[in-house]
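Here subunit A shows up in two complexes: once beside subunit B, once beside subunit C.
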Partner chain A sequence: MRAAPEQYEMISPGNLAAALKLMASEPGRWLPVAGGTEVMVQYSAGRLPQRNLMNVWGLPELRRIEVTPDAVVIGGGCTFAEIRAHKAIAAEFSMLAKTAAWVGSIANQNRATLAGNLANASPAADSPPALLAYEAEIELISVRGTRRIPYTQCHLDYKRTALTQDELILAVRLPRRFAGWRDYVRKVGTRNAQAISKVCMAAQALVQDGVVEAIRMGMGSVAPVPLRLAAIEECAAGRKVNATLIAECRQLLDKMIAPIDDIRSTIEYRRLVAGNVLEDCLRTLAGTA
Partner chain B sequence: MSLQRIVMTVNGVERTVDAHPMERLLDVLREKLGLTGTKEGCGEGECGACSVLMDGSLVNSCLIPVAQAAHAQIVTIEGLGSPEKLDPVQEAFLHCGGSQCGMCTPGMIMAAKCLLMHNVKPSREEIREGLGGNLCRCTGYMRIFEAVEAAARKQESEAAR
Partner chain C sequence: MRKEGAAKVCGTARYIDDITLPGMLHGATVRSSIARGRIKKITFDPAIPWGEFTIVTAADIPGANCIALIQNDWPCLAAEVVNHPEEPIVLLAHADKHRLAEAVAAVRVEYEPLPSVHSIAESERKDAAVWGEDNVLKSYLMEKGDVDAVWAGADFIVEGEYETGAQEHLYIENNGVIAEYSDAAGLTIYGSMQCPFYVHKSLVKLMALPEDKVRVVQVETGGAFGGKEDYPSMIAAHAALLVRKAGRPVKIVYDRAEDMAATTKRHPSRTRHRTAVTKDGKLLGAEIDLVLDGGAYSTLSSTVLSRATIHAGGCYFWPNLRVRSRALATNSPPHGAFRGFGAPQSLFAIERHMDRVAAAVGLAPEELRRRNFLRPGLTTSTGQVIPEGVDLEHLLARAMELSGYKEKRQRFARENERRALKKGIGLAAFLHGAGFTGSGERRMGSVAAMDATADGMLRVLVSSTEFGQGTNTILCQIAAETLGVDYGVVQMGPADTSVVPNSGPTVASRTAMVVGRLVESAAKEMRHVLTEAGLIGEQYSTEEFQRAASMYVGKHGQLRTEGHYEAPPNVFWDDELYRGEAYGAYAWAVYVAEVTVDTVDYRVAVDDFVAVQEVGRVINPVLATGQVEGGVAQAVGYALYEKVVWQKGRMANNQMTNYIIATSQDIPPIRVYFEEVPYKYGAYGAKGIGELPMDGPAPAIVNAVSHATSADFCAVPLLPEDVMTKLAQVKSQVVEVVGA
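Moving on, here comes the complex of A and B:
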């Protein structure tokens, strides 16, 4: 059934200050719409509960990519097409560039924004595992000012985030402190492109003589929120990747994840695939694959 | 709720429409501007039948509230060539048999056009990616890929002249 457009209102504030003011004046009333690749799908299916929408597409303040000595700061309104095309991101944060290329078709990537991907808070979204592995921070802004939180604190529960009702995602900060780390990123879906992932994993590690000095890992589609695999990181740190370590890590993973049964896959299948991807990740990073 | 006056440039001509801001660009193009070349397949961003160019990039017009197209430059299939003088991409689809029922064709051609604007000599792999959001139930895609390659060759030889 087609939605009836006359029942919806959309305001285009035109700049960030006006958008924040509108959000603050009636908290929770105005739903931001950036690329619309989530919101418009809901709307067209008649499943969008909000009637009042606020257009944030193209707000210049949300669309900058800044390279500073200690971070690459990506505006929340940047599209995945822009992220893919950015040289510094491709060079230093290639896992994010790769996942950007997985976010649906070219037409979808031209509209889909980073903030929309995070605020939508799907556990199957493609960018979160890379952001977790890179220890990203997110900058939130409201009329009250800005605050910065580790991305690990962004997702509270299924489709629930730490954003307050008057806040927008201003930017995502990627710290530039991982020179020399190796990375691993993989999406398991029915097809490579344009399919929702069954398991999506990103990791980076500092490896010396086969020993994992340090490692950071994120996994999506295996729990109500994208997971940073901190317990596994601790377990692997300072050790060689061998059958014992892999068995321990797989056990830890099994305890951490809570995959779902749905039309796409069963719980057992997702558990098995998650374990296999983790194993492949450890072996690849250690150079023993 | 109230209508808004929206001005946009469609196929090089400035157009003004009174529309509800959440009307889909697709519907405004087809119903208010009479540009029925742009098709609706799925209405949810999966098939690419509604592809148009907005400010130079390929988008699915079924997912765009018309308020977001205000002041934008839109190009639809009608803006590419005319029956008398087809665009090289249109001509290549015709010659290579890249179109059967035609439902996917306008979107497919817009995606191909956009690809060739950014990449004059795409590989098969790049063509697959560029057209990956455009589904076709008829052709099996091979003739479409061949048409894009033919259009690229034609553009190259025209540029050389």
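Moving on, here comes the complex of A and C:
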């Protein structure tokens, strides 16, 4: 371990109200830590710049999963293990259950929370493409009250979110309006488990006689933020999946993404594979794969 | 039950970081930030209270500033120049380990940069002379017959170039030691290591201490794979220097990032083959040019290169052969020992090349191999005569049958055309020499001992260490079998240089075959001593034997017997010409890999793996199977996942998130089969097994990928990015043909 523990301070407010109050009184000073799966790695490597940490692990207000007639509402403090195990999520939002199972290791899934994952805002995170395809909303809370924004507005830039310095992610809402839609989800990682995505995609579509009536798509690891592929959704809507459509969609994707070269992969690979995955997605959803 | 199994499973086994000595300090290392340069100045940031720290530089070394191995060119601490990133320069120790990271960062080293080389090609071109005059750490020329005469009569001449990458050992436990010193007892090192006497030898020279004032004790060791063959000498040297200056015990344990960045890796390689073959697929001769990247210092490169050279021709009969080999210096941390020790590199080349030779001739890969296998009476590349019992053809037939090779080979090729998931099956046939190369065992002259305690416990005394492979268990099994007593009453003595004789380093797949045989001799001698003393008869129970041993100890003070190495008869080795009996025995194997290549993301999955081998008598089938499974798993990583990303000689992906090893989700079912042909001079007929399974999987897998894709892959690691590049090329070539 390369960090010096005495240079850090961590406090546990004990309840949500106290946590929000602390964040409001000293904006930006306290980094909320839930499962700590990201923070602990940074800390151990001696690279955690924030020295003041606020423990929000286990706050009951953040740890509920509620099923209402029009939405499944997942508390920000729910772990990926809980999301994976939840019956309604597995039944209606199976792509989220599946991507939850892709997160790190079992140990990671027992600690890592959905809100932590979104607030950490890695473009390579596993669950965002599914949340984009499901048209999720996020509920934010502060001493000033709560507000709800579409998840598409959450990520502003690489590792930068729409959260203000006094806000926590209270919950993620998944609207229950996609009965009968088919889905497609795929992670291209460096290996089959405990892998960081090189390309990650989730999509759902309403398909009738080979025609895409409506489609929603999200893609990760190909740009500074997880992308909702809205232009491709528009292009595909009302059309049959054939070589022409696929070529158009691939061209659109090419313009939307901005993959990088890093120690995990190359621009060329991410670009070509993103296109291949998109093609595989369209063919699979249309039943022509 | 494994001897140390219960302690490991119950969590009572104590590894180096579990041990704390009174008053102990923690040590850390200031390392070079550049690849090569002259050290101009070292300054200590005044913000740090340096009075609290023990500080050591090269000036504090009482003896020779080197880690004694073969050529002694590896400095313990850089004094005037650095030759690779992460080279140790200054050592610090403090009672609070949390103070160290900041202090290490506060030591500023100014350099005058010097030109550096970072690949085999750059070193070969002498872009800069970074070692000696020509960057050549070691070279060999091995010749058999007259290869220059074969080219004119060849029906085909097949050339190829093959590359293999570096590989990190990734043992579970990082490197670590504790050093303590007193004038009376001298220096004691406790550590995670393979070779206590290597560390001993190195410390005697570095610390200028008499041999009996240096004691090295191996503690429970969490994996090694060759990575704890030479580097423990370095880290022990650092701890020794700190303990002498501080006057208090010092612990140095690397974290994962430091261990990956600073310690050894498998040598990267480049091998060129030129092969003359008839239209019937008979090999006439070959020229092989083999180059290893040795890193900045020679360390063990000469011996790794030696094994690579001898294995370069594979398991085939070459009437004429010339192997030229070189280990070249580059400015990365020195590459070192890693399971296989040069053989995986040269065997990847020959086994990939054999598929390509077969394709050129128009034969099936297995048929070309079958026609050229070494057989009893034929001679190896070094002229060693193959003994009776070696039957590669049988291993091949069995591996093909068990894997359904023939049927799949045809079916996959037929079905692949219309599939996005392309399937392939490939094989590799190979050998691995057990024990030290050439005269190594004779020079080493290993000794093993047994003794008995006053209460009749029987102990095996060797410097051969347990680091997961099962040494403790099989040596106790051998001793118990020879003594005619229960396994439970035989124990391992401590791996402590002040207690055990030097049975040699724990390397080279030599422990079962060579050291096991010595233990067998020592046990025979113990039985003989007790028989001669009239304490046991022909028949006895375990209790009777123990009672006899106990009585003997009571009467004579001790019961201790030894086994000394004796070379098998008629063994001859010429170190100059590289001719003769290169190894006492070889293990033989044929491996088959079945793969799927996904043309959406270009990932390769290994679906099935059949490993058939002949390793002499199998002493412990469970452990032997485990060795093969583990070796294959590690080699799947070598073939498909593990890529060291080098940036100016520094490993950029020195964390487990980004250095990708295969997980259990990436490993196929590994089906392990043994043929047993006892070796007369190994313990109960055993030959070596530990390294063999590292050799074959990479070429078998890449042969299978080439089969699946009809593309010619010649390098490992073969990552999806590489598959994509090649398949994209193939695609564009096809487009051109259509367009024309």
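Note that in this section the second predicted complex is superposed on the first by the 288 of 289 C-alpha atoms of A that agree within 3 Å, B and C clash if a C-alpha of one lies under 4 Å from a C-alpha of the other, contacts with A are read in each partner's own complex, and residues count from 1 in each chain.
The definition used in the following text is that a residue touches a chain if its C-beta (ideal position, glycine included) is under 8 Å from a C-beta of that chain, and two chains touch if they have at least 3 such contacts.
These numbers come from a predicted model, not from an experiment.
In the superposition on chain A, A:E6 contacts both subunit B and subunit C. When the two structures are aligned on the shared chain, A:A107 is found in touch with subunit B, with no touch to subunit C.
Residue contacts after overlaying the shared chain place A:A81 against subunit B, while subunit C stays out of touching range. Look at A:G46: by the touch rule set out above, it reaches subunit C but stays clear of subunit B.
Touch criterion not met for A:L245: it reaches neither subunit B nor subunit C. In the overlay built on the shared chain, the residue A:D280 is in contact with subunit C alone; subunit B does not reach it.
Looking at the shared chain after the overlay, A:L272 reaches subunit C, while subunit B stays out of its contact range.
Contacts of A:L31 after superposition on the shared chain: neither subunit B nor subunit C is touched. In the superposition on chain A, A:A237 makes contact with neither subunit B nor subunit C. Comparing which residues of subunit A touch subunit B with which touch subunit C, the overlap comprises 2-3, 5-6, 45, 193-194. For subunit A in complex with subunit B, the touching residues are 2-3, 5-12, 33, 35-37, 40-41, 43-45, 53, 55, 57-58, 81, 104-108, 110-111, 193-194.
In the complex of the two chains, the subunit B residues touching subunit A come out as 1, 19-24, 43-45, 48, 51, 57-60, 62-65, 67-68, 70, 111, 114-115, 129-130, 132-134.
Within the complex formed with subunit A, the subunit C residues making contact are 98-99, 101-102, 255, 257, 420, 599-603, 605, 641, 645, 652-653, 655, 657-658, 660, 662-666, 720-721, 724-725, 728. Against subunit C, the residues of subunit A that register as touching in their complex are 1-6, 45-46, 188, 190-196, 199, 263-266, 268-269, 272-273, 276-277, 279-280, 289.
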